[in-house]
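After this come two complexes, each holding chain A, first together with chain B and then together with chain C.
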Partner chain A sequence: MSWTGKILRVNLSKGTCESEPLNMEWAKQYLGQRGLATKYLVEETDPKVDPLSPGNKMIMATGPLTGTIAPTGGRYSVVTKGALTGAIACSNSGGFFGAELKNAGWDMIIFEGKSDKPVYLNVVNEKAELLDAGHLWGKSVWETEDMIRESGGDNDVRIASIGKAGENQLLLACIVNDKDRAAGRSGVGAVMGSKNLKAVCLRGTLGVKVRDGMEFMQATNAARKILADNAVTGEGLPTYGTQVLMNVINESGALPTRNSGDVQFEGASKIGGEAMHEIRKSDGKANLVSNSACFSCPISCARISQIDPEHFTVKGKPKYQKPSGGLEYESAWSLGAATGVDDLEALTYCNFVCNEQGFDPISFGSTVAAAMEMYESGKITDKETGGIALKFGSTEALVQIIEATAMGEGFGLDIGMGSKRLCDKYDNPEASMTVKGQEFPAYDPRGIQGMGLAYATSNRGACHLRGYTVASEVLGIPEKTDPLVTDGKAGLVKAFQDATAAVDSSGTCVFTTFALTLDDIAPQIAAACEGDWTADKLVEIGERIWNMERQYNLDAGFTGKDDMLPKRLLKDAAKTGPAKGLTSGLDKMLPEYYELRGWSADGVPSDDTKNRLAL
Partner chain B sequence: MKIRIKLFASLGKYIPKGTAVGPTGNEADMVAADGATISAIIGRLDLPVEFCHLVLVNGYFIAPSERGGHVLIEGDDLAIWPPVAGG
Partner chain C sequence: MEKVLLMDAKACTGCMQCEMACSYQTEGAFNPSKSRIKVFEFKEQSLFVPYTCTQCAEAWCMKVCPVDAISVDDNTGAKIVSNDVCVGCKVCTIACPFGTINYNADTGKVLKCDLCGGDPACVKICPTTALSFVEAGKEGLGKMREWAAKTEASLQTTQS
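Up next is the complex of A and B:
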């Protein structure tokens, strides 16, 4: 079977690292990664715990396909109570760290308590120890990886760490692995920082066993062929990355612009995927150097970019002039369209800084956009910003504020609280584009109606990756639906949410679902694991996970009233594009969604629903 | 009549030579015959039909079955992508 059957439990208060068996009954019910780690968190912690207290736990979890040759089988998730949201947090990352964890013989690591001094965890297969990180504290993610690698003498280790943002417990902080892959959302980096845990360094050489090797080869090869033959996963994503969406969403009139004041950005074509391929006049090179792949991934959607060395953001700063992790659609949107900035090189620099010091570009850009709105309306002034003229479209202001945030200085500390707390502090809550305290990603619910419901009901706060109905509503995958109507969207959102919860628990990437269905994924799991694994069972597991997360949030103090969008999206109609004149129809979709979920009119799972799902 | 064509991703190379405008050269103005349909423009540009996956007129999606009968009018924006996705 491809679970290792072992958990590494690290008690940071006591300084202990102990092995314990995986609860296999839970594995059969929750599969792995997102589902299984959430089950452990639910069983072991108080939902009302302060996320930044020693009572909160942080789990790094793999799925059964992590570390195998299954296409995209390199994923891991960080599950904890979110520092940004106070809700369940599950941040998923690629790169090579997850596969290394599995190959070291562990399904997951549970961190509990708090160290009294900075430490990092070093794992070499069965051997795990906590080491002093005093010399690493204050260092960036990039410096930390280099220093650990050099000190250990093994260049093959894989490292996940926090930068200054996590150390400063900024609520936007991520955990970054492999220098530019991140468990990005919900403030999981702040939780890691609160535990004085600087990094996790892994070396795994044990391999991963599967139930039936020949059957597994056949199932994974079949999936690889589908991915290679599909125009999206075989050509579109490798060539243009997620950034190809910039012009699609802008033309569709659903690109949140200037803090959702507009739905189309006049500078979109300057910051999209096509622009990354353009040869610069200044140095004769393109922003995009190459694509890049995570462990066992045939898609290779990641971007490697290099900034024009003469650009003002990097001139005289050699470390930023090297090729590094480039813009994804979400980061290009948040740093660009949300703030009104159309300077591709500056946005790439800001993305590098987010990776270097470990904070989420989606939440950062959205929070800066809210600050810009407040600056322009006079709610905040140079006095609060420390002299940074936070006007929409100002590249200089964006660069100044990201550097302040990265260093934890001045108004950057206010930005680091996230949009909700920032806007509450300055008595302008309507400027915060958040649900459950988490900033929106790059799709305006007025132009893509299903995404409004997906944001409102997402268990980790506003998020596109919990139910990506954009695939259907805009891109026609698996079939085209009308983005401007609310009819049928409750069922669509539920279907995407349940399927995604299962994929997020498998160890593979949700991007495979642009080509694969659960009927293609189930045979891979069935060949890897004992048990009866079918597409129907995966849907059932996904629904179980969704309801478990929902119940955790209710127990933490959230209610159905938190399934709400900002008033702007419900009251102020889109000004241009196909959605001109439309607001979000959340009020039409939400009651139907509750009913389909088997929840009460207040959004509480009924006893029948819980019994049906064995919760 | 004059329309604006926008060909993105791998279709950008089908913009007629010497007509490209915009920061990435993915757009061009085109003079089309009155009554021209989307399919007629796709044919004139020699676009591979199987790669004309996402077709928007002024931002509105036009289904494949409607492209032969959808008549463009002066000032329309016709944007076309091959199969793409992201997130």
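Up next is the complex of A and C:
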């Protein structure tokens, strides 16, 4: 308790599904989910393996609080070597899939090898089998879920699958569960596609037990109250979702616009959370239908949107006219501000398509932004794009290129490689807004200095969720720091990275940390699990995980030189807003960060550090 | 004073915390498949609908039980199953028009909502107003208030 103590090992080459005990020594050191699955990957695979080869493994992992009543206790992670990055990948998703896995009696599923034909894994509690997926290959995520559900006759199953993007091994492919929740980043969907694994279908009815029920209810009730009383988790996120940030970040001068050419977007108010609430003149309805929750989540930040049926993107296409997963801040930014497009309905349509065929809107939008820059500068022409006029701000071009990417056709295949490979291919590497091959999310490091260091040092490539210093620098959580200065940011980034690694290993959502500290999370784990769990111990586990991931990347061939931002952010100053005249001060933060981490001047964990963390 | 469990689908976000609170109350484990309250998702309508036993005044489950295992809790009005008496014949599951009493194969008994003795765990955990426990006879007050507000608003518009 509250691990099930069981791993399902699926060998796709041999077609076998076997149960084995969870390594409880490792569970005590790495907690679960992100940390524990990464430990398994590190121990079982060669860091230099080709991510899309049978030698790579893919792990779907829950945390000890997954499947419990702990607020947001429904998370699961996909851990593998990232197809997009070649670095350690850990993509985290909500919805209901993770809790179902735990309820079926499994802490994690390890997929190894490669099937010689398309298959899907069907799990009903202890029974697991690989079934033919020939009839599902070529189908979208949405179709796949419907077809599996109908064929099995059990409406309560939970499904994660890849769409065409994963089948085509596009490097920005993700794994989508519950139709619109995704393990989105680093190309984990391409890894699944490379294994000929179309879907995982789960039904679990065994229940999840905790060590001390009374203590657990008290600890989770206390956390629930803090979340309800907090302005961000109790009000902002339920009302506006993560889209509450669009206008806030734009005003901070940190909204990367037109491939980071600008830091403020004149169309931000048209694509943000408030705009989703506005009644459309066309049909008298708002874009936003309602909010919805992931398993066990009292916050309910997820958006359900419905596109104006007369909008050109969906006219005559009934499947896109129904309510479905709407824009989050990241997708609204990447599809919108990054490309200069301010048509909320079109962005919502693009988001639907990303969910439908399973690819990451952050990487997609950011890659399109780089392509638009190259189109405008003449590096690529209509000849390459197949006649799509990829100009910044063109809604039509965005819609055309997302459809081509979804179908794996024409220039869409180039976009599917991600920004780094695209810009290398067309001899314009400086246009790629990436770190370690992964596209930036929605915060400009010139306007939020800590995020520059967070991106540069993120183990899975540029990412906001590895160390979200925005919380401190913009929102004042847990305390306000000045976003425009570099002083103190090395320590801030390290603290956020370590705490987040622990939360990502617990089975709960990092969004709780807008309100909860590790002092609120530790008692929940302590009540659920055997062992001694304190906030200090969680920080230590987080730091251990961070260093383990770092070492994996070093062994994979990365060096300190890869802790680098694109030149644009280091040389070209922000043109407007509070950060006007500023570039990223990465060089001022990085040496201090290495020192605080106990790493050498070129970014390698010292023996002392490894020994201290029992690595 | 008898109280009634009120379910408002419009406010439900589908988080399933009610199902976990319910299953913990009865099973000691978090197990939605053993919950006596269920949240149904109608994805294409963007709707989550919580549903459980509404404690019929004329309870057919109770009337058909051949061993009188179902009785009325005098304090709450809930129809409760005595596990000591229940023989698992499942006739109540046939009689119930709403499907809110179900057989539990693990125990050989039937499961239905007993209002937790007057303090329903699902209501306590619900993060929205989707579940509430209100005085009998006042179930409709919230809806009446909503309509009253709408009428008031339309009157204002008409008059202005």
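Just so we're on the same page, the second predicted complex is superposed on the first by the 615 of 615 C-alpha atoms of A that agree within 3 Å, B and C clash if a C-alpha of one lies under 4 Å from a C-alpha of the other, contacts with A are read in each partner's own complex, and residues count from 1 in each chain.
As a working rule, a residue touches a chain if its C-beta (ideal position, glycine included) is under 8 Å from a C-beta of that chain, and two chains touch if they have at least 3 such contacts.
Everything numeric here is computed off the predicted structure, so don't read it as measured data.
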| item | value |
| --- | --- |
| Simultaneous placement of chain C and chain B on chain A, clash or fit | fit |
| Superposed model, angle subtended at chain A by chain C and chain B (C-alpha, nearest 10 degrees) | 80 |
| First, second, both or neither for A:Thr68, with chain B first and chain C second | second |
| Touching partner for A:Gly393 - first (chain B), second (chain C), both, neither | neither |
| Partner chain(s) touched by A:Arg224 [first = chain B, second = chain C, both, neither] | second |
| Which superposed partner A:Gly207 touches (first chain B, second chain C, both, neither) | second |
| Partner chain in contact with A:Gly560 - chain B first, chain C second, else both or neither | neither |
| Touched partner set for A:Val289, first chain B, second chain C, both or neither | second |
| Residue contacts with chain A in the superposition, chain B compared against chain C | B |
| Touching partner for A:Pro323 - first (chain B), second (chain C), both, neither | second |
| Overlay on chain A, chain C to chain B nearest C-alpha distance, Å | 16 |
| Common interface positions of chain A, toward chain B and toward chain C | none |
| Chain A-touching residues of chain C, taken from the complex the two chains share | 13-17, 20-21, 23-24, 27-34, 43-46, 48, 125, 127-128 |
| Residue ranges of chain A in contact with chain C within the complex | 67-69, 96, 103, 156, 179, 204-210, 213, 217, 224, 228, 289-298, 300, 304, 306, 322-324 |
| Residues on chain A engaged by chain B in the complex (per definition of touch) | 230-232, 235-237, 239-245, 247-248, 251-253, 269-270, 272-275, 277-278, 301, 328-330, 464-465, 468, 470-471, 474-477, 480, 482-483, 510-511, 514, 577-578 |
| Residues of chain B touching chain A in the complex | 6, 8-10, 12, 22-24, 26-27, 51, 53-54, 56, 58-61, 63, 77, 79, 81-87 |
